[in-house]
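What follows is a set of structures to go through.
In the two complexes that follow, chain A is the common piece, with chain B as its partner first and chain C second.
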Partner chain A sequence: MDKKTLIMPFGIPGHNLTQIEREVPADEPPAWPVNAELKEVGKSVKRVDARAKVTGQAKYTSDIQLPGMLYGKMLRSPYPHARIRNIDTRQVERHPGVLAVHILGKDISMAGSKDESADNYPEVKYIGQPIVGVAALNDNTAIEALKLVKIDYEVLPFVVDLEKARMEGAPLVFEAPVEKEASDGGEEIEKGLSLSGNVRGPSRGQPRGDTQKGFAESDIVIERTYVTQVHMHNPLETHGVVVDWKPDGMLIYASTQSTKGVRDEFAQLFGFRKSQVRVITEYMGGGFGAKYGAGNFGVMAGHLSRKSGRPVRLMLDRKEEQLTAGFRPNSVHQLKIGAKKDGKLSAIQQRSYGTAGVGLGAGVGSIAQNMYECPNFATEQYDIFTHFSPGAAWRAPGAVQGAFGLESLIDEIAESLNIDPLKYRDIIDKSEVRKVERQKGAELFGWSKRKKAGSDPGPVKKGMGLAQSSWPRFTHLDSTAEVRLFRDGAVEVRSGVQDLGTGTKTILAQVVAEELGLKTEDITVRIGDTLFPDGPPSGGSVTAGSITPAARNAAYQAKLKLFRQIASKLDTTPDKLMTADGKIYVTGEPSKNISFADALKQMRTEQLTAEASRSDDYGGMSRDDLGSVQFAEVTVDTETGFVKVDRIVAAHSCGRPLNIAQIESQINGGIIHGISYALYESRVIDDQTGQMINVNFDQYKIPYAFEIPDIRTIILEEYPAKSSTDAYGIGEPANIATAVAVTNAIYNAIGVRIFELPVTPAKILDALKRA
Partner chain B sequence: MKEENHADQNVCAYLRAKNPFGTLEGGGNPWLHLDTANTICWCVKSQGPIGPDARYVEPARCVSGRSCYTSPEFS
Partner chain C sequence: MNKFKWFNAQNIEEALERTNATVSDAINRGSADSAIIKSGGIELLDFIKEGIIEPAEIINIKSIPGLEGIAFDRTAGLRIGANTTLADIENNGDIKLQYLALHQAVSKAATPQLRNVSTLGGNIAQRTRCWYFRSIDHPCFRKGGTTCFAQNGENQMHAIMNNGTCCSVHASSVATALLAYGATVEITSRGGQKKDVSIDDFFVNPFTDIRRESVLRRGEIITAVNIPAQGKNVKSWYIKQGERASFDWALADVAVVVELSGKRVRKAAIAMGAASPVPVRSKAAEEFITGKDINATTAAEAGQKAMENATPLAKNGYKVDLFKTIVKRALLESV
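Up next, the complex of A and B:
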C-alpha cells in the first residue's frame, strides 16, 4: 500500500502538546489541527435526531408495524433445572387466533428445527429458558394461547447461590468435564480451563514477576475481600425483533448493538447468504453490552414467521428482560497489595470468583494488572456455574468489579502510608492523561478541603473520595462508511453502524461536514441498515474510534472526486481546491470560488459516491489507555445509614472529543449507572425456588431523579495521532470509577470501610456498629 | 487478561464471543486474543452459552472432536 507522511498534533493541549510524524495510507486525508481550529468537530452540536426523538417521530424496533404482522410470545421454563419428557402443543395449534407454533430444540437452526421430538428437547438449565413459541393475531391472544401448551417436566436438583454452587456435591450445571471425553472418532477434545464441579478456571491473565518475592520485599501489605452484586442492564427498550421471512431472504428489525452480527447469525441459522438478510436498527433504546447476536427470541420469531408466512414481532416484556436477557455477574474479589515506604507498589495478587449463571465471563477484568506500575502481578479468576440465565457483557465488563477492589485498596494503602490518596496516585500512576485529569479535577472539585476520615462532627457527615479508571483504546477495523453527493445538493453518509442512543449519527454528520466545509445540519445520516457498508458493532467503546475515521476518509475521497469534476470550471487543477464555509475555493485566490451546492449541480452524474474503511492505527497498535479520574462527595447520616451523593466531578479523555454535549451526556449516564451500582441495585434470588424476586422496576431499585447529584465534567483534549479523526469512545470509561469513588467518599465521611456493594443503609449501620 | 490466541485453531463456525473490548470474534472473522475470564461466549445454533450437546461454550472446547462441532469450511 502506498504511504505518505503526515505531521499530526500529538499530546495534551496546555500540557505537552507537540507534533508527530506519522506514516499513513496515501489515500487518507491530511491531519486535522486541534479542535480549536475546527468548525464542526469538537463543538456541542445538537443531536441531528433530537427533534425526531422528542416528537415521537423516531421509530424504534418496538414501534415497527408491518402489514399482516403477528405477535410472538414464548413459554419459558418455571424450573431452574429439569428434563422435558413431553411437550403437547395440540390444543394451542387448534386455537383460532394462533397462526404458528414452534418448539426450540437443542439446535435451534432451521436444520435443527425439523426434529421437534422428545430426543431433541434441550435440558432446562435456568428459569425463563424458552421452550415453545406462538405467533398470534395480538399480544393477549398469544399470552392466553401459551396456557394451552402442556409440558411434562422431570424436575432436577439445582443450585443458584454462588457459595453453594462452589461446594462439593452441589448439583452440577454441566455434567462431566468435556476434557475427560473423547470424540466418536477417538480424538481427544482439546482442554480449556479446568472444570471441577461448577468451578471453572482459573484464568491467569498475564502474570509478571514474582509476587511472593514482591510481598517479602514490601514494607506494607494489605489483603482484603471485596464483594459485588449482580447488576441488571435495565435498557429502556427491551430486547426484541420484528422478523419477516420470505423464501428468498429475511428482513429483520432488531434492537441490537451489531446489525451485521445479527445479519450473519440469521443467515447461518436460516440457510441464507448474508446478502439475503437485511437488518435494520434505525433507533435503539440502549443496550449496555447485552444486545449482541440474534437471540433465542429472534430465532423464535424467525421460525414463527417462516411457518406462518407473515411478519412476526417478538419483543420481551420487562419481566422477561430482567429474567433472561443478561446481567453483570457478581464477584468475590480477594486482593492483596504490597508497597514500599515510598509508596511504590511491589506486588499485586488477586483471586476472584463470580457467576454469570450458565454462562462465562464473571472475571474482574484487567484493571489491577494494567493501571499502576508494579513489577509483580498474579491473578486467578474463576467462573462459577449456577442454574440461572446467562450473564452478558455490561459496560466495562469485569473492570467495574475489579476497580471496586483495586481503588479501595489503593486508597487504604495511601492512608496507611500517610499519603494523600490523590498525591499517592502521582507516585504510582505513569499515565500523563490521568495526571492532568487529577490536577484539573482536584481543582474543580476542591479536593484540598477534604478532611481526615471520620472527622466531620455530628451525626450527618460529609466525605470526599476519588477513584481512577483505565480502558484500552480498541477499534474494530472492519468498519466502512460511504459518502454520497447528490446533484440536488444532498450529502449523505451511510453505514451499517447502529446508534445505541449515544449520538453516533451526529458525530458522523459532524465529521463529514468538517471535511466538506459544510454545516452538520447539511449532512443526512443513514445508518443502522445492513444494506449499507458494514459498520462496527457498538461495544467496548469502539464505535467512535472505528467508524468516524472511515466516514472522514470517505468524505475526503468524495471531495477529491468532486474536485476533479469541477476544477476546470474554476480554471484550476483539482489539487488547488479546498472547501470551507459551504464553498469550494481556489487556494490562495479566494475570489475564485463556487458554492458547494452549485458545484454539486455541475456533477456529470446524478450521484457521486465514495467508500472508505478504518485503516490500521497510525504508528501501530499501542497499549496506552483511555484514562479517567472521578471525585465524589457524599453525605452520610450515621443514625439512619442513608447515603446521598452530593456531587461528582469527572475528568475524562477520549482522544479528540467530537461532540462535547454528547460526551457529557455519556459521562452523566455512566455516573448514574455507577451511583446506582454503588448504592441501590441488586438482584435478589430465592434460594429455595431459584426464582428472581425483584424482576420488575417496582421491586428492583434504580435511582430517581432526586437521587442524581450535581455532575461536572472535564473533557480532556488529547491527541494520540492514531487515525484521521483521532477520536475514541467514552461509554466504558464513564462507568468504571464512579462506584468506588463513592465508597471511598463514604469511608472519608464515616471512617469505616465498606467492602460489599451495594452500600445499603443497613450495611452502613452494621459497619458503624462493628467499628 | 489477553492470554489465549485461538487464531491458529479451527474454532467452530457457530461460536461467537464478545470480549470486554467489544470485539465480536469467531465465525468468519479470525480469532483474536481472548480474555478467558471476562469474555461472553455463545453458540449460534443454541443462541446461548449452552451448546447443542448441553455443554458449555468456549473457544477451547468448541473445536474439532466435539459432537456439535462444525468446521468453518462447511458453514
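Up next, the complex of A and C:
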C-alpha cells in the first residue's frame, strides 16, 4: 500500500506538546492541528438530535408501530432451578386473541443462544428464564393468555448466594465446563478454564516477575479484602425488539449497542444471509453494556413473527429487565501489595471471585495489573456460578470492582508511609496524562486544604479523597462510514453505527463539517441501520475512536472527488483546492472561489459518494491507557451513618476531545453511576426463595436530584497521533474512579475504612463502633 | 395489568354503595369481583401493576366535590378534607405556621409530582412498603400466606419494635406527624353516618389483625382528618431519614410536639414512624422529658429511652441508632 508521511501534533498542550512524524496510508487526510485551530471539532456543539429528543419526535424501539403488529410476552420460570416435565399449550393455542405460540429450545436462555426446537425442554437455571412466548393482539391479551399455559416442573435445589455456591456439596449450576464468547462490551473471558463444583477458573491474566520475592523485599505489606455488590444497569429504555419476519429476510428494530451484532445473530439463527437481515436503531435509551446480540426475547419475537407472519413487538417490562437482562457481577477481591520505604511498589497479588449467575465475566479486570509500575504481579480470578440470570458487561467491566480495591489499598499504603496520597501517585504512576490531571485536578479541587483523617470536630464530618483510573484505548477496525454529497446541497454521513445517547450523531456531523469547511448543522446524519456500511459495536468505549476517523476519511475522499469535478471551473487543478467557511478556494488566491452549495450544483451526477474505513493506528496498534483522576468531598453524619457527596472534580483524557459539552455530559453520567454504586445501589436476593426482591425503582435505589453533587470536569487535550481524528471514547473511563474516590473521602472524614460497597448507614455505624 | 371498569363517583353515598372491598379485602379474599375505591390512585396502581389485585371496578372518589379543602380555626383547630393533596397541605400557610411538623412531614413525602396527586386520605390508608408484601412471588402472612419472609430474610428496613408477628412498617410519614398532634380521622359510612377515630386507634397492629393496617372496613371512607388547636407555647419538629435524601420512604422518622413553659417541657408527644408495624409514641421518652429542660443531655437521654424496648432483627440494628439520634435532634430542634 502506498504510504505518505504526516507531521502531527503529539502530546499535551501546555505540558509537552510537540510534533511527530507518522507514516500513514496514502489516502489518509492531512493531519489536523490542535483543537484551538479548528472550527467545529473540539467545541461545545449542540446535539444534532436535541430537539427531536425533547419534543418526543425521536422514535425509540418501543415507539415503533408496524401495520398488523402483534405484542409478544413470555412466560418465565418462577423457580431458580427445575426440570420441566411437560408443557401444555393446547388451551393457549385456542385463545382467539393469540396468533402464535412458541416454546424456546434448549440453550436459548443461557449466554450462547441457539434454538434446538423443543424435543427436550431446557433445564430451568434461573428465575425469570423464558420458556413459552405468545404473540397476541395487545399486551393485556398476551398477559392473560399466558395464564393458560400449563408447565409441570420438577423443582430442584438451588443456590443463589455467592459464598454458599462455593461450598462443597452446593447444588450444581452446570455439570460440565462451560464457555462463553466475550460480548462486545470490553470484558475479556479466558477460554478453557476448569470447573470444580460451581467454581470456574482461575484466570491468571498476564503475571510478571516473582511476587514471593517481591513481598520478601518489601518494607511494608498490606493485605485486605474488598467486597462489591451486584449493580443493575437500569437503562430507562428496557431491552426489546420489533421483529418482522418475511420468507426473504427480516427487519428488526432493536434497542441495541450493536446493530451489526444483532444482524449477525438473527441471520445465523433464522438461516438468512447477513444481507437479508436489516437492523435499525435510530434512537436508543441507554445500554451501559447490557444490550448486545439478539437476546432470548429477540429470538422469541423472531419465532413468533415467523409463525404468525406478522411483525411482533417484544419489550421487557421493568421487572423482567431487572430479573433477566444483566447486571454487574459482585466481587470478593483479596488484594496484597508490598512497597519499599520510598513508596515504590514491589509486588501486587490478587485473588478474586464473584458471580455472574449462569453467565461469566465476574473478574476484577486488569487495572491492578496495568495502572502502576510494579515488577511483580500475580492474579487469580474465579467465576462462581449461581442460579440467577446471566450478568452482562457494565460500563468498564471488572475495572470498577478492581479499582475499588486497588485505589483503597494504594491510599492506605500512602498513609502508612506518611505520604500524601496525591504525591504518592507521582512516585508510582508513570502516566504523563494522569500526572497533568493530578496537578490540574488538585488545584481546582483545593486538595491542599485536605485535613488529617477524622480530624473534623463534632458528629458531622467532612472528608476529601481521590482515586485514579486507567482504561485501554480499544479500537474496532471494522468501522466504515460513507459520505454523500447531493446536487441539491445536502451532505450526508451514513453508517450502521448506533448512538446510545452519547452523542455519536453529533460528533460524526462535526468531523464531516470540519473536513468540508461547513457547519455541523449543514450535515445530515443517518446511522443505526445495517443497510449502511458497518459501524463498530458501542462497547469498550470504542465508538468515537473507531467511527470518526472513518467518517473524516470518507468526507476527505468525497471532497477530493468533488475537487476533480470542479477544478476546471476555477481554472485550476484539484490539488490546489481547499475548503473553508462554506466555500471552495484556490489555495493562495482567495478571490478565486465558489460556494460549496454552488459547487454541488455543478456535479456530473445527482449524488457523489465516498466510503472509508478506520485504518490501523498510526505508528502501530497500541492499547496504552486513557487515564483519569477524580477527587471527592463528602459529608458523613457519624450519628446516623449517612453520607452525602458534596463535590466531585474529575480530570479526564480521551485523545482529541471532539465535543466538550457531550464529554462533560458523559463524565457527569459516569460520576453519578459511581456515586450510586458507592452509596445506594445493590441487588437484594431473598435466600429462601432465590428471588430478587428489589425489582423496581421504588425498592432499588438510584440517585435523584438531592444526591447529585457539584461536579466539575477537566478535559485534557491529549494528542496520541494515532488516527485522522485522534479521538477516543469517555463512557467507561468516566465511571471507574468515582466510587473509590468517594470511599477514600469517607475514610478521610471519619478515620475508619469501609471495605464493602455500597457504604450504607449500617456499615458506617458498624465500622465506627468497631473502631 | 388487568382490564377494569372505571366509575367516577359524584357523591359519597354513591361510592359507598358501589364498593364491595377495601384493598386489604381484595388482597386476602381475592379480587375477581371487587369494586375498590381510589383517591389519588398511586397506591392502587402499584398493586394492580404487580398483579397482587385485579379489581373488576375502580371507583374514583376524586370526582366527589367537597372532599378536599383545608380549614383552620384558632380554637377549633385544623380540618383537612380526605381528598386534599399533599401539595396543598405543604403549601398551606396556616399549617406551616401552626403545625410545623406536619408541614415538614408532608414536604418530605414522595416527590413534588406525586404530592400533586396523592391525597391525605390515601396516604394514611396506604399499605406497608415491605418488599415481600409488595411482591406477588412472596405469599406472606399479610397476603393470606403462612410465613413472614422478612423475619429470617432481608429485614434491613423493617420494624425494630413489636415485630414478632409481622415486622413490616407502615409507610406513611405524614401519619407520624398526625400521631404526635393527636389527630382524629373522620370516617363516614353508608347513610352519612360519621365517626371520629383517634389516630392511635386508626392503625391496626399485625398481632391484632394481620390482614389490615387500619380500622377501615368496606363501606367506609375517610372524609377528613382533624387536628386540635395547639396552644401558644407548643413547638414541633419532624425529622425523616431515608436511604436517600430525595424521594424515599423513611428508614426512621420522628415527630415531636412539646408544650413548653420557658425551656421546660410541660407536655410532650414523641411519635416514631418505621419503628413498629404502626406509628407509635414513645411513652418512656415522653415521661422522661416531661418536667425537664430540653438540652443536649436530656434530649440524648430521651433518645435512649425511646429505644429501650427495641428488639432489632438480624439486619436492622442500625435503625436503633438512627432513632436515638433523630429523637434527640428533633427535641433539640423543636426548641
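Keep in mind that, in the parts below, the second predicted complex is superposed on the first by the 741 of 771 C-alpha atoms of A that agree within 3 Å, B and C clash if a C-alpha of one lies under 4 Å from a C-alpha of the other, contacts with A are read in each partner's own complex, and residues count from 1 in each chain.
As a convention for this text, contacts are C-beta pairs under 8 Å (C-beta built on N, C-alpha and C of every residue); 3 or more make two chains touch, one makes a residue touch a chain.
Keep in mind that what you see is a predicted model, and the values were worked out from it rather than measured.
By the touch criterion defined above, A:296 lies against chain B but remains apart from chain C after alignment on the C-alpha atoms of chain A.
By the touch criterion defined above, A:698 lies against chain C but remains apart from chain B after alignment on the C-alpha atoms of chain A. When the two complexes are overlaid on their common chain A, residue A:666 makes contact with neither chain B nor chain C.
With both structures placed on the common chain, the touch criterion links A:472 to chain B but leaves chain C unconnected. Of the two partner chains placed by superposition, A:256 touches none, neither chain B nor chain C. Of the two partner chains placed by superposition, only chain B is touched by A:264; chain C is not. When the two complexes are superposed, the chain touching more residues of chain A, out of chain B and chain C, is B.
Shared-chain residue A:642: touches chain C; no touch with chain B.
Under the contact criterion defined above, no residue of chain A touches both chain B in one complex and chain C in the other. Within the complex, the chain B residues that touch chain A are 1-3, 9, 13-14, 16, 18-24, 27-29, 35-42, 44-50, 52-61, 63-68, 75. By the touch criterion given at the top, residues 1-3, 46, 111, 129, 131-132, 134-135, 137-138, 149, 152-154, 156, 241, 243-248, 251, 315-318, 321-322, 325-326 of chain C touch chain A in their complex. On chain A, the positions that touch chain C within their shared complex are 78, 140, 143-144, 639-642, 644, 680, 684, 686-689, 691, 693-695, 698-699, 701, 703-707, 760-762, 765-766. Listing the residues of chain A that touch chain B in their complex gives 106-109, 112, 122-123, 125, 174-175, 178-179, 182-185, 187-193, 200-206, 258, 261, 264-265, 268-269, 289, 292-296, 298-299, 352, 356, 358-366, 369, 379, 381, 383, 385, 390-393, 396-399, 472, 474, 476, 478, 537-542.
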